[in-house]
């Protein structure tokens, strides 16, 4: 009986925060703390439901919750809670709950509190709805709504021009990805209709089970693009991945994420570290059966993920802004997750487990990093690391929790044992999988990407730790430790960042691997991989010892370098970190992305050339229309002069008219 | 040779009513003082109204009188309805125009005699009668056009009207003489029965074009239209209404009778001639109207354009087209007469005030803010110009609807396209007039509309809307009339 | 017997002379004279046809048309008198306030 | 059962006539509001008694009018017209509320014209006879012409002329097509009729493919110019921009072009000489309009002009969906009409509110208005988001249906339209950022937020946008029934 | 009007040419013999008969024409002092 009861509450998971949004939005002003209590209670409710469902499902992963209702036409909305969704729901509601609590204090001085809490509540609702959607359209709808909330929250301090600009940039850049995603959905819809031979009564066209059941047929459809025969499934999955690129800040659509740090730090923690940006990873995981059945798609995912992990790391290492370092770190870690998923072409369903495991752990330690950074910014009033230093003395709790988070991020742990941070248990399997991939296909590029990125990760995060918390203050700030309402969430998160990975390691992956074999869908991943011409091989853990230890070694190397340069200051950075150094300039200018994307592509090509030319065409079309009027008036002005006013001329006209008309008619009659 | 009985005379009751009213007015007017002469206007209105009722009642009768020189049929009765409707509007409006004038009786007698002439033309079944009646309508209106003897414009308009009218009369007579020479008769049915020489010889074309010139003068077809803008502009507005709405239709009915009934054998020739004239006329009228600043002159050019549309019937020559064309004449009578009366109201307003442009009393500038100064005049003028532009639900729309659609039916899409584009072009200047009336600030006081103008406008508006909203009876009559021609 | 076309030619010539006069003379009186010439050339036509077709209609028509021409001339002269009163001359080409 | 279809025309018309005669502003606005409420009541009555699941004509009335031409006064409501009638009936009372507190000269004319417009537009929607249809079609021109000319902006005269004459020409060309249809049918059946359904049914029996194409093209030209679509849109930016706010909203509610497309052109399309070509043409016009409108909007400096071009871009979806010729794409196109009416009303009301308080519409002269006008900002944000196709609001439903289901037939054009989504987002967000966010431009002085009436009316529309975005079925279902009828007709002919 | 006589001349020439060509090019249907000596055979009687029988209607109309032109001419020609 408990089971049925729980199922019936499932729909409340997104509804509760949504209601909180409405209440806080309209009545928040009249309430203490901007009505924060409603979102907190609602999200707590969501968390409880999610967590209970997850717990129950751990025992019986085949029995998933699936409810569908007709929305419009052949489309539906519904709830699907399978292992994948369950862990995501729990994580999202949990992190969101902690951050909301933290924000009560963090935002306490801001007059826009009601708006803030309303928008974050809406965000949570949308994110939860995204996670538990049972069809691709609801997924997309929620996907867009979280994007909207991201836009609104980045631009929360809209009076700051930079915030308004960053919000716009975030929305537009992710919109590029969204359009690809939408295109994928549209092609998918069109293909499904074709394959199903029209609308079938009783089936919901875009529900995941329906989609998955057509994977072989979709794969068989071929399109000819520039002479290449490409499977429709590949096109669709790549377009989906395009959406994921935008949302999860993968190269080349990662540019918005660092700018998004213009929003309040809590927003960065919630949206741009823990939850929304992982939606892209979640999308790929959710549609993993399609990806694995599509030739070449996972390869693209792996390459782009790996490259992003490295690429973002290089920029993270030169940033001076506390939050920007974290932002690049997020991009880099999301790259890891993508890489993990991409390696599914070799390790199969395990990739989902590895990647989502990293996603969850990342949520904890990255949220923690941001909240710690927020704590520092809240106390000190600046986020430029060059002006910080020695904060550890003033804010010990923050310093400790942040160091824990950093260790987790860098992936410290002892291979072969159960000792290690959360990040260690989820990042290392990815790197190991990359090794297996390399071994299997003699393609070492993903592995090289991942190992290099691991080094950079360690380097930039300890650079941050040392620059911020050690040494002497480099500017005149007055800091103080944050109040308990802020430090308690920090501590909770620190706990999770430290031990969650170690505790759940074995069960977690096994649990997630049940995602595609249950009462909702029952897929044979091996067969699907065959369709995608992917050969699956064994699991991780049997690599040479060096390979197991290598990630730790490079992480230590990174730590050591950071320690030498930023703590002991044995190396003078002056000439190296100057704009005269082309490599530094390239990194500091972030590979000239602003110049290429904003100034050249957007303003130059689209706005300056294409839109300008269209406007010229518009003027021409308009002039043609106007010309009719002008010509008519001109002709009229001339023609009226025929009427000279002299009666003799009138008579002439009459007589000439008679004569000419006779001749004219005669001539025409002759011709005809 | 049948004898003239009272029964036969009853067929002519409308004509008799009109002409005798004219004579009575002339007679008693002599003995009245200028102040009491207003009564004459009402008397004339009453006479015209009586004739109108008699005409409507006589619908459906057919008769041939006076040795077959007069034919009473649906066509004649329909056109009499047109002329009498115009005469009614003009008589009503002229009550105000002739207020305190010493020459009321002359005015009304001439109006009524002109109307009588037009009515006879509508019935004429013999070229001699047709020519005489045509001249009657012309002669009476020459004097009317110059009725404001102290007004240089009025006189100039009358003079031009007279010169071109006389030349055209001569041309017509010349043309008739050839027709007579070729057939040996002046009776329309007899001509139709004996077209051999005309069809086989060049003189047929010459005669046709001469006749077209003669009728085209009244119809105001380019290039026989030259007098029209000047005269319409210069004449008193009520007279312009009579000319544009009434006497123009006389040209059409004469042309219907002479070309379609008498010279049917020469259809290819006159069809071609009318094709050229119709297209040139509607285009010229619309284009030149665009740049006019005098409202009456603009209406004159618009009247040219409308003549071009009506003349399309001679080109298309299907029963539907003739129906449309005949329907159009009635619609145009209401619209154009109404529009000129509205202009007359403005001219009156201008001359009774001091703030406006007096040199050209019907200048567009004087229409500024008319919506505030004389709301009813502005509203009815708006209805008239929108009707002229063919915007539903007005008579103009229905008329164009039937006429243009018949062009499509006959497969002359090109002609329909020209006509439609012209119609769209016309909106340009009509809309400008509306703009002046409603969108520009008034430059004078609000003025109470005199009753006669209001009554005349009301009648015209009623006609325009009735024909737009309930065209069925009018269409039936027009169809009957068209049947006479086919 | 004089062929009919001679009459027709003559009347056409007369008509053209009238036309030419109307087109070139400025004086109103002369113009009316020219118009009369045109009307009369048409009458000549009518009478000639009447004789050559052996019907009398044409001559009746001619009589009517003469009467009409007289009436027309009367109205015309009256209009010119009014014009003369106003402008002290009847040069019709100078009356062109109404144009364009 | 009330004769709802006729009453829907008559009630606003009568109220309009009475409103014209009122003397004071209070009377005029009150009477106008009452009239529009009465119409709304009728529309709701019709909706409640409406059977959504059938494509059949309901509330049908017919009377002979001009028997000699086969003209009947016949009216009726079906799933194509019902949503549009509702749209007008809902928005116009709110529009009157919106402009309640504005001071303007001759309020009696203002409110009278709004009601006249309502009557004329509803007249087009219910007409089942081409003559009735055309009469109301043309009648819609006049109130707008007056509206723009009396209360419009600086270049109002030019704009109103252009709009009036341009669309009149298009209507006349459409009229030619109607004539062709009428006579060709008359010739075949021997019975003259102007009945829309009868003539469309007869259309397939015409022998000459050329004739069919000519008729089809000339009729659809009238609709396309009214919608409008690239390249027949020149009248739109000027007219929309120069019109007063109420006029712009009335322009938006003027959904007769798209309505004609569904009512008349689509059922005819499969029977034309070369349906594939026609579909390609429509698809091309649709996607080009989407692209073109968005690109030009991107470069506009004037807020209202930008919205006007965005409207052009959005109407492209209507054509694209219609060309898709699949049940759901056609329904999507119909839904786009409905949704566009609501969304653009908000946008034009917002632009109008900004102009009234700041005195300018130039986006770069604004800035930071969100601080001074928070209420407006919220509603405007909903409008902008809906306009750029954010899910959860009506715009998305329509765009998704159109794009997803037109793809099968017109993949290339759908891809073009998809690309534009980013540009659409770009100009909306740019305008939002420049006008509403950032530092407040102190040159604008002290400005006021929108008044409570305006908040109410705009928020009501915004809520509708949200409601129908979350639950489109109430209107979408009736559209689907009718689209099915249209598409099955096409499918039967193998198109 | 010395300046502008060429055009009128050409126009009249055109007119006369057209009419003359038309008239000369036509085979008129004429009686073979003209009715004798007009002095002997008066047609006054015939004309009179026609006017009062067949053409009574034009005759009546003509009377109105004369009256109308009388009124018109008198009205126009009368010089009322108030110039």
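Before moving on, here are some points about what is shown:
We just call them A, B, C, D and E in the order they show up, numbering each chain from 1.
As a convention for this text, a contact is a pair of C-beta atoms (placed from the backbone, for glycine too) under 8 Å apart; a residue touches a chain by one contact, two chains touch by 3 or more.
Keep in mind it's a predicted model, so treat the numbers as computed, not measured.
Shared contact partners of chain A and chain C comprise B, E. Chain pair with the larger contact count among B-D and A-D is A-D, by C-beta pairs in contact. Every chain gets a centre from its CA atoms, and the centre nearest the mean of all protein CA atoms is that of D.
When each chain is reduced to the average of its Cα atoms, A sits farthest from chain C. In terms of their C-alpha centroids, the spacing between chain C and chain E amounts to 8 Å.
Look at where the CA atoms of chain A average out and do the same for chain B: the two points lie 77 Å apart. Remark: chain A and chain E have CA centroids separated by 99 Å (rounded to whole angstrom). Our note on geometry: chain C versus chain D, Cα centroid distance of 64 Å, whole angstroms. Of all residues in chain E, those touching 2 or more other chains are 1, 7-8, 11-12, 15, 18-19, 22-23, 28-29, 55, 58, 62, 65, 68-69, 72-73, 75-76, 83, listed in ascending order. For chain B, the set of residues touching two or more other chains reads 128, 132, 135, 139, 142-143, 146, 149-150, 158-160, 163, 167, 171, 174, 178, 181, 184, 202, 205-206, 229-230, 425, 428. Counting partners per residue, chain D has 161, 165 as the residues that reach two or more other chains.
Shown are all chain pairs that touch, namely A-B, A-C, A-D, A-E, B-C, B-D, B-E, C-E. Of all residues in chain C, those touching chain E in their complex are 1, 4-5, 8-9, 12-13, 15-17, 19-20, 23-26, 51-54, 56-57, 59-60, 63-64, 67-68, 71-72, 74-75, 77-79, 81-82, 85-86, 93. Within the complex, the chain A residues that touch chain C are 640-641, 643-648, 651-652, 655.
Partner chain A is touched in their complex by these residues of chain D: 161-162, 165-166, 231, 233-235, 292, 295-296, 298-299, 328, 331, 368, 370-371, 385, 390-392, 396-397, 400-401, 403-405, 407-408, 411, 414-415, 418-419, 421-423, 425-426, 429-430, 432-433, 436-440, 471-473, 476, 480. Chain D meets chain B in the complex at residues 65-69, 131, 134-135, 138-139, 141-142, 145-146, 149-150, 156-157, 160-161, 164-165, 168-169, 172-173, 175-176, 179-180, 182-183, 186, 214.
Taken in their complex, chain E has these residues touching chain B: 18-19, 21-23, 25-29, 53-58, 61-62, 64-65, 67-69, 71-73, 75-76, 80, 82-83.
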